[in-house]
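Got some structures for you, see below.
There are two complexes below, and they share chain A, which is joined by chain B in the first and by chain C in the second.
And then the complex of A and B:
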């Protein structure tokens, strides 16, 4: 029982990280219609920026994460203007290739500035609490709480604020949205900004329990793609449910079967869901 | 019309510039060759991406040795040579190592190639005694690289086989102690795990489920650690690159593990200390930190000054630093800079003539393993003090 509670807490924390990263990816897909293959690299950059603001500027932990999120949001706008906007009338293959270029650029940039080695970000909150006999560190509780708070804020943003509603409108019907006067360029920029801010928050949260290295985004990138395919490409609830489902399946399979099974669990679930419902759990997006 | 003309002019100029540049490059290459005074030492390792630090450490050790050799002057059979290190990145992918090695040997003319990972060494062993011949400076403690019987391989570090039994003797405090397995899932980590399981069981201990994980890709160690601790181990086998190993050890201590860690030789105490509260490392056995060996102080200071680094200087750096001069000495004795067989044959004599930092080789086995006396390991006790102890090395 203690082991189960312990692993459930670990699974929820991991799920929070997956969710935040997956939502950013699925938003860009829903609005712009192409997968952002640089998402893992942007996550890595978010972690390095948090580290930078925390250690070099001495900002408090939460402020450092927010600062990293703001920088990445601005970077999102710049990327959209500089790289993706000029490609807007081209086939989506061009966008995908451009995202690969962005990925290589970011990895090389980080290697140049911070070097190729590992960096350790000290956990700002030490210690752990005992929950039903399990030892859960405060950092993991912070991750779970922050993830839920950010998800609530995001839902409010998308459902209530004009910019968020514009994003949803474009997702649902691009031409219809343009007809009622929604500016697609503006929406693209906002989407990129929100997507990158979310991935920066995910990275900032995970940084204290993991090591920073230029390759840290690779493994996450793959998992996050599995999550949004599972949840349905472009679907927000899909990313949330998929994120937690995959994380808990990964942790539980590695606990009760074997560590190798944990790594395989992600893809077993993915195959099973796609066999029954090829568009993913919440997949309403038609083939583009 | 004007527009078209401009484009054509532009293209012509560009083409001419391109040809000119090629010619210049070719000329440079030509003049370099005609000097005839360059010895290229090849090096293929992971120099970017995760775990690049290890590759860079070894590279720096080699660089330092080469710079010192050039300063002192390298004269072989009456000709003065400049030694150069040619490094290529393989991200620890054996397939890429193979490609790199071909290029280093055939294009750059390297007769000696250093490779610091078991997979890459095995890939290179397939290539070094066929169409092309070259000597491998093999830096891996996996004994399998000697078992293949490759005549042009020189194994630099002590084999990890030497460590397993003494390490078990240190941490196995009761006859039926339970061993948890959490070493990295690389080929090297698996070999270590296999050897430890065998000897642990032979000593009457119990071995728990295998929880080897990829230290490079796991986002959170908490899950695998909780699973391992659920088996109530007395000792846990850990180790991979030092930095993630430190994190894993910390996680295990936080979840309440108070037993001992048996740390594989890839992870180094002096680096672990940098990444976690050193107290977490108490009650662990691992290879001896370099600063604890006598006479390493000067080397460590020189290294840190040369590379303006404040990172710990470890055995990987020192062992490669002192191995390189042996190869140069062998070239002198063989009076050849490009015959790998002659260089290898001169090794037994060369190894006696070269000085080093610590654990200095004084002989080489027929299989090509550099041998030195005085190998030690360290147990970090409950008070956080290192207790060095001697390691007996198996004789071939």
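And then the complex of A and C:
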């Protein structure tokens, strides 16, 4: 039982990370209609930026994450303007190839600046807390609490604020939204900014419990794609449910079966979903 | 068709002549010949990707994995199991064909973005399997001592020039296949699918079967290239199955020209020499290449061959092919009436 509670806490913490990263990806898909294959690389960049602000600038942990989020949000706007806006009338294959180019660039850039080796980020909050007899580190509790807070904030943003409502409108009907005076370019920029800020927060949260390396985004990128396919591309509730489901499946499979089974769980889920119901659990709703 | 020698035919003849004479030109520089041979192998693999991406318009990111599967089949069979190259080579080709067919059955249930993600997952799965199944694949230590093809009579494949011509033979084969495909009904069906799947269906193209065949063919060609690569290189590691391989092939295709006959070859040769020149700048390489990919899709999606074709005077252009009559979506990747 203790082991189960322990692993459940780990699964929830991992799920929080996955959710934040997956929502960013699913938002971009919903608004622009293509999967951002550079998402994993951007996550990696977010982790390195948090590390940079924390160690080289000596900023407090929370400020460092926020600074990384702001930098990535700005990068999102720049990418939308320079790369994806010029491609807006091209086939989606072109967008995907462009995201591959961006990914190449980011990974090489990080390798050049911080080297190819692993980096360790000191955990800002040490210690553990006892929950139902299991020892859960404060960092994991911070992750879960922050993830939930960010998700609530995001829901408010998308449902209540004008910018968020514009995003939803464009997702539902691009032409219709443009007809009622919503500027699709503006919405694309905001979406990219929000998406990249979310992935930076996810990366900043996970950085203290994982090692940093230029390749750290590869596995996450794929997991996040599995999540949004499971939930349905473009679906927000799908990303949340999928994020926690995959994280818990991964943690439980690696605890009770083997570490390899944990990794395989993601692929098994991904292949099963694509083979049986490619639109995902919430896909039919989200994609009309 | 005109009876006069068209500039396009002249261009193809010149490239062919240059490739045939390469061993003579590089007879003093074995290293450069090896670079050209490797580039030719990558070009073969790029032709595979060209069929599924360039002609059919489906972005398959599992291509590097099929290359790796071909390479590992030959690599492991000729070393750990001491098979001859020729049997292993055959097994590699048949094996990747079967795997391509089977994975196509599932992968092609999906479309567009889903297809790209699924094939990326497939590629990653192969890579993970290779790095984790240490007892079979030696994981990160790789496979060394892969055999050269055994001599057939007087033909000795350990001779670099012989190996080069051996690879060139397959290269000529895939170039001709692409050329013939574009002029066949099957090729036109693929282009119709690229243009619009629904439209293709409405005029009676069997989309599912054609996509399945294109995907299988592209996997076979990638596997073949991988098998040749393992033999030429003598050593293979997990990198040869990685997703970076797929992306490099994508780069060759983009630079040469998606969906064209000569594009993959010109792109591979050009990039191979660029890589050689940038070798000292190993890490900077992708800092430069990433933005180049982005710039290419934005400003020059038709690639080198697309622009070379613009230079061909109008009187030499083909007008008798139905490809020219097909509407292409805005920003479509290929020239239509003049697919070189």
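Assume the second predicted complex is superposed on the first by the 275 of 288 C-alpha atoms of A that agree within 3 Å, B and C clash if a C-alpha of one lies under 4 Å from a C-alpha of the other, contacts with A are read in each partner's own complex, and residues count from 1 in each chain.
Here is the rule we use: a contact is a pair of C-beta atoms (placed from the backbone, for glycine too) under 8 Å apart; a residue touches a chain by one contact, two chains touch by 3 or more.
The model shown is predicted, which means the values in this text are computed figures rather than measured ones.
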For the combined arrangement obtained by superposing on chain A, do chain B and chain C clash, or do they fit? clash
After superposition on the shared chain, which partner residues are touched by A:111: those of chain B (first), chain C (second), both, or neither? both
One more residue to check, A:209. First (chain B), second (chain C), both or neither? first
Pick one for A:35: touches chain B only (first), chain C only (second), both, or neither. second
Using the touch definition from the top, say if A:97 reaches chain B (first), chain C (second), both or neither. second
Looking at the overlay, what does A:6 touch: chain B (first), chain C (second), both, or neither? first
Between chain B (first) and chain C (second), which does A:233 come into contact with in this model arrangement: first, second, both, or neither? second
Is A:14 touching anything from chain B or chain C once the two structures are fitted on A? First, second, both or neither. first
Listed stretches 44-52, 116-124, 188-196 or 332-340 of chain B, narrowed to the one that overlaps chain C: 116-124
Determine where on chain A the residues touched by chain B overlap those touched by chain C, and list them. 111, 218
Show me the residue ranges of chain A that touch chain C in the complex, using the header's touch definition. 29, 33-35, 37, 83, 86-87, 89-94, 96-98, 100-109, 111-112, 218, 222, 225-226, 229, 233, 260, 263, 267, 270-271, 274-275, 278
Per the touch rule above, chain B residues touching chain A in the complex are 47-53, 56, 209-213, 216-224, 226-227, 230, 241, 243-244, 246-247, 254-256, 274-275, 311
Per the touch rule, the chain C residues reaching chain A in their complex are 53, 57, 59, 106-107, 109-110, 112-114, 116-118, 120-121, 124-125, 128, 132, 243, 247, 250, 254, 283-287, 289-294, 297-298, 301, 329-333
Which residues of chain A touch chain B once you look at their complex with the stated criterion? 3, 6-7, 10-11, 13-14, 17, 111, 116-118, 120, 128, 135, 137, 140, 206, 209-211, 213-216, 218-220, 250-251, 254-255, 258-259, 262
